[in-house]
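One chain, chain A, appears in both complexes that follow, with chain B as partner in the first and chain C in the second.
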Partner chain A sequence: MTAASLGHEPHHDDGLALYREVADIRLLGFVLFLISDCILFSSFIFAYLYMRNAAPVWPPTGVGLPDANLAAVNSIVLFGSGATMHFAMENWKHGTEVKFRRWMVATIILGALFLFGQGYEYTHINATWWGSTFGAAFFTLTGMHGFHVFCGIVFLIILLNQTLAGVYNKKQYFGLVAGTLYWHFVDVIWVFLFFLFYVW
Partner chain B sequence: MTEHTLAYVLRTIAIIGAIVVGVVAIYQVRNDWKTPGLDIQVSKLLLALMAFGCVIVILSSWGIIGWQTKGY
Partner chain C sequence: MAVAAPQHSALAEHVHHAPKSFINRYIFTLDHKIIGLQYMITGSLFFIISGLLAELIRVQLMNSDGRFLSPEHFNELYSVHGSSMVWLVIIPLATGGFGNFVMPLMIGARDVAFPWLNALSFWMFPPAGLILFSSFLVGAPDAGWTEYPPVSLQGPPGTSMWCVAIFLIGISSTLTGINFLVTMLKMRAPGMTFTRMPLFVWAQLATAVLNMVATTALAAALLALFLERTFGIPFYDPSHGGSPVMWQHMFWFYSHPAVYIMILPAFGVISEVLPTFARKPIFGYKMIAFSSIAIALLGFMVWAHHMFTSGMTPWLVLPFMILTFIIAIPTGIKIFSWVATLWGGNIRYSSAMLFAMGFIATFTFGGVTGIFLAAVPADFQEHGTYFVVAHIHYVLFGGSVLGLLSGAYYWYPKMTGRLLNEFWGHVHFWVTFVAFNVTFLPMHWIGLLGMPRRVPVYDPQFTDWNRVASIGSFFLVLGMAIFFINVIWSIKHGKKAGPNPWNARTLEWMTSSPPPYYNFVKVPGVLHAPYEFDQPLPYVGLEPAENVVSGYKAPMPAGSH
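Coming up: the complex of A and B.
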């Protein structure tokens, strides 16, 4: 039964109710996407664990392990970007758009800094993708994660442009929620990769 | 700057940064503790895991855990 058939004009709230209903479905879809991405990373991580367990000596002879100190700072840069993204989202919910943009820009810069740190490490590590099981796993997993960070930065730039164009308002901002969840997800994947390659 | 000094500086930055980011993450989880909604629940879980990551960074930089303490 439509609003018109009930004898009154369609109201703005009808649109909002429809948006909320669709947003719930889209949110569920997005969470399912994150779970599928989680399974993708899990399969690569288990492959790495299998190879590591099967190796007679670990780390393989002649392989230089990555610099954990540099990686620790790089990790904090990425985790810090998760915090700034959270602040951006909070500011959007409270209607302070200027602060939202500042935190978003900070998030994008920190994400780019993380990629720069990753690039620096790639050029200085004493291991190659084809040289050892460690190198293959390291470059595949961190490279895949780096690609996710790169996609996240592009995603955030698009979201920032959309907010400048007035696509979202205080009640309808599903894209920003998705962007925040994606960025936190990328942070959390790095927690596991940091532990696997720099700690364990 | 010697290699040893650089490592010390990097470790100090990592520890201070991890404490700040970890506290912020825990504070945000605490703030949203009773807020309903799937997005908030997922966000809280991810923030809590991020705080856990900060703990790992602190322990690793401190030299309590990690292969660097094993002398590789």
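Coming up: the complex of A and C.
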């Protein structure tokens, strides 16, 4: 993917220096990608605030707001997955690979549980995507977030597979760094969405 | 001047060999130079198509009673013309084209940070163009390039294709922005500190930030429009609680920075061409560099000056007017610095230089009318008239396009190893410069007199100036035809250029023309900014360009890596 792709072994002996340089470059690229992704969410959050501000009554008549208690439980599940992800990485760096794998699987399961909870919420809420500006903002934003969680789960499964195949070692594990960053990023986005849709 | 300690870089020393097969080398290539050329060829084709759309508009406006095209077709023409010139021509040419070809060479890198991503960005570009132009088959978008709802909500099916096409090119721009930003921040040659970077690189840096941050806001706006048109999700339709003004906010939050995405690379070109052909150090290097960044930052805070008549919150009008005036300061700094660079210089009137000087004149003119439009009381009179059309063409054609043409004459020898014909270059310049002003200058007057933009029929009192503008526009076609014939003819028959035909001092001229796959045999150390024309070249460890084999497929010299 980069000029010196990680798949190619360099001719000279400073392979680790090359890996570090490439990983450094990729990390910056990945962070910039997350920033631009953040702008995408921010734009829809702007739209939500704008429509909410312009509405004569909020929520629009005939629309029921989602259940905050259910969302709170679901949030705990998601933030819990952030914690398990953190433990997974700590074990990769300082612990054993078996423990790393257990925490990764826990993260994936919690992520899937969160999506399940969101699906339950979608089917029990008294609002539709097309019925009101609330629905437009709520389903678009939480749906986009859910899609990010889904992509994150796929990402983590690929990473887990890669570790099983021996792609990474204790010093060279850029993919895991990116996966962790992504997962925490998705967590942080949810903090804002939770406040905007369930608390405020 | 202390010798810069060249920092050890394993990456810079690590070289891949050029791929063997034709397809991998020239079609699905990862080489930034070939990808740059691919952007330029594709962008030029789209330029010709959307230029011809503009000519149809001008033919229609020869007569005030509009018998050439139906009003529906006329709406489609100006909408697609504007959209494609912005998203399929100027932005891809300025960043994907010139940025790709020149920037990595200028910083002494062997490629961009993510060559594979670079190729992916390019391959979203031709499909986006095909989708946009094929929308004519089902009814092209007809609400102007800005596609304001609620009109765009009721527009023909092609409006959804417009959303898809612009979304695609938007993703492509975002990825290019990320890619270039990482390249410029991480892959500069040893010793090339920020204040030793060529000004074209500074311009690309500011542009990359804008591309990366602003374009996803457009993606959100487009996604919402697409969802509303397709599934009736209420964002913009006021009858369902949505707000059309919200689209304008989201659209202009991208599209105002986008005008700087279009003009900053041209600023960069001018900042390279002027010192080279005036044989003088650029005046105010740091001021030009930092003003690019200032423009990029301020560019995010002025979007609502497009919306003074939209009925937006009244107290917001004043801060947006003042911030817009402030943005004229960094722009003015650049213009004064360029003029001061020319002052007392030993000027050589090459084609590239003529276009650069023409750029200063017309862009300044367009900048001044921009100040008129930013003044709220004046804007209420001028908004939605031909004055706006005149302004945008002075900054986008008279600015961006003249700047890119200057760059084309300047870097063509680096791209092909041959010079463009200078005589026909001069003819091209004078035909274009005169025809441009004949076409667009009268639009200021008929705009101030009250001729609205985007109308297929108009008051007969404006007929004379409209005919003048149309005749001018036909000569613009002639000028561009001369250019494209020159470009094609010179590939085979142009004078051989050698590595550095202009005696320029930036790094891209320190290797052969066209450069080999790996750009530089040895990555040089950089001791100084490149504009001190009376000093020796500020590079150490360079293989003399005469010894570097030229050609995109040249093999690595034996024994090196």
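One rule holds in what follows: the second predicted complex is superposed on the first by the 186 of 200 C-alpha atoms of A that agree within 3 Å, B and C clash if a C-alpha of one lies under 4 Å from a C-alpha of the other, contacts with A are read in each partner's own complex, and residues count from 1 in each chain.
Methods note: a contact is a pair of C-beta atoms (placed from the backbone, for glycine too) under 8 Å apart; a residue touches a chain by one contact, two chains touch by 3 or more.
Just so it is clear, the model here is predicted, and its values are computed rather than measured.
J.: On the superposed three-chain arrangement, identify whether chain B or chain C touches more chain A residues.
T.: Partner touching more chain A residues in the overlay: C.
J.: Now for A:28: first (chain B), second (chain C), both, or neither, which partner does it touch?
T.: Both partners.
J.: According to the stated criteria, A:52 is in contact with first (chain B), second (chain C), both, or neither; which is it?
T.: Neither chain B nor chain C is touched by A:52.
J.: Given the touch rule stated above, what does A:101 touch, chain B (first), chain C (second), both, or neither?
T.: After superposition on chain A, A:101 lies in contact with neither partner.
J.: Under the stated touch criterion, which partner chain does A:43 make contact with: chain B (first), chain C (second), both, or neither?
T.: In the superposition, A:43 touches chain C alone.
J.: Is A:184 touching anything from chain B or chain C once the two structures are fitted on A? First, second, both or neither.
T.: first
J.: Examine A:195 and indicate which partner it touches, taking first as chain B and second as chain C; both and neither are also allowed.
T.: After superposing on A, A:195 lies in contact with chain B but is clear of chain C.
J.: Shared contact residues on chain A, chain B side and chain C side combined as an intersection?
T.: Residues 24, 28 of chain A touch both chain B and chain C.
J.: Going by the contact rule set out above, which residues of chain A touch chain B in the complex?
T.: Those in contact with chain B are residues 24, 27-28, 31, 34, 59, 65, 68-70, 72-73, 75-77, 79-80, 82-83, 86, 177, 180-181, 184-185, 187-188, 190-191, 194-195, 198-200.
J.: Mind pulling up the chain B residues that touch chain A in the complex?
T.: Interface residues on chain B, with respect to chain A: 6-7, 10-11, 13-14, 17-18, 20-22, 24-25, 28, 38-39, 42-43, 46-47, 49-50, 52-54, 56-57, 60-61, 65-68, 72.
J.: Provide the residue numbers of chain A that touch chain C in the complex, in ascending order.
T.: Listed in rising order, the residues of chain A that touch chain C are 1-4, 8, 10-12, 14, 17-18, 21-22, 24-26, 28-29, 32-33, 35-37, 39-40, 42-44, 46-47, 50-51, 54-55, 60, 129-130, 132-133, 135-136, 139-140.
J.: For the complex, which residues does chain C have touching chain A?
T.: Those residues of chain C that touch chain A are 8-11, 13-14, 16, 110-117, 174, 177-179, 181-182, 185-187, 212-217, 219-221, 224, 227, 231-235, 240-243, 246, 249-250, 253, 561.
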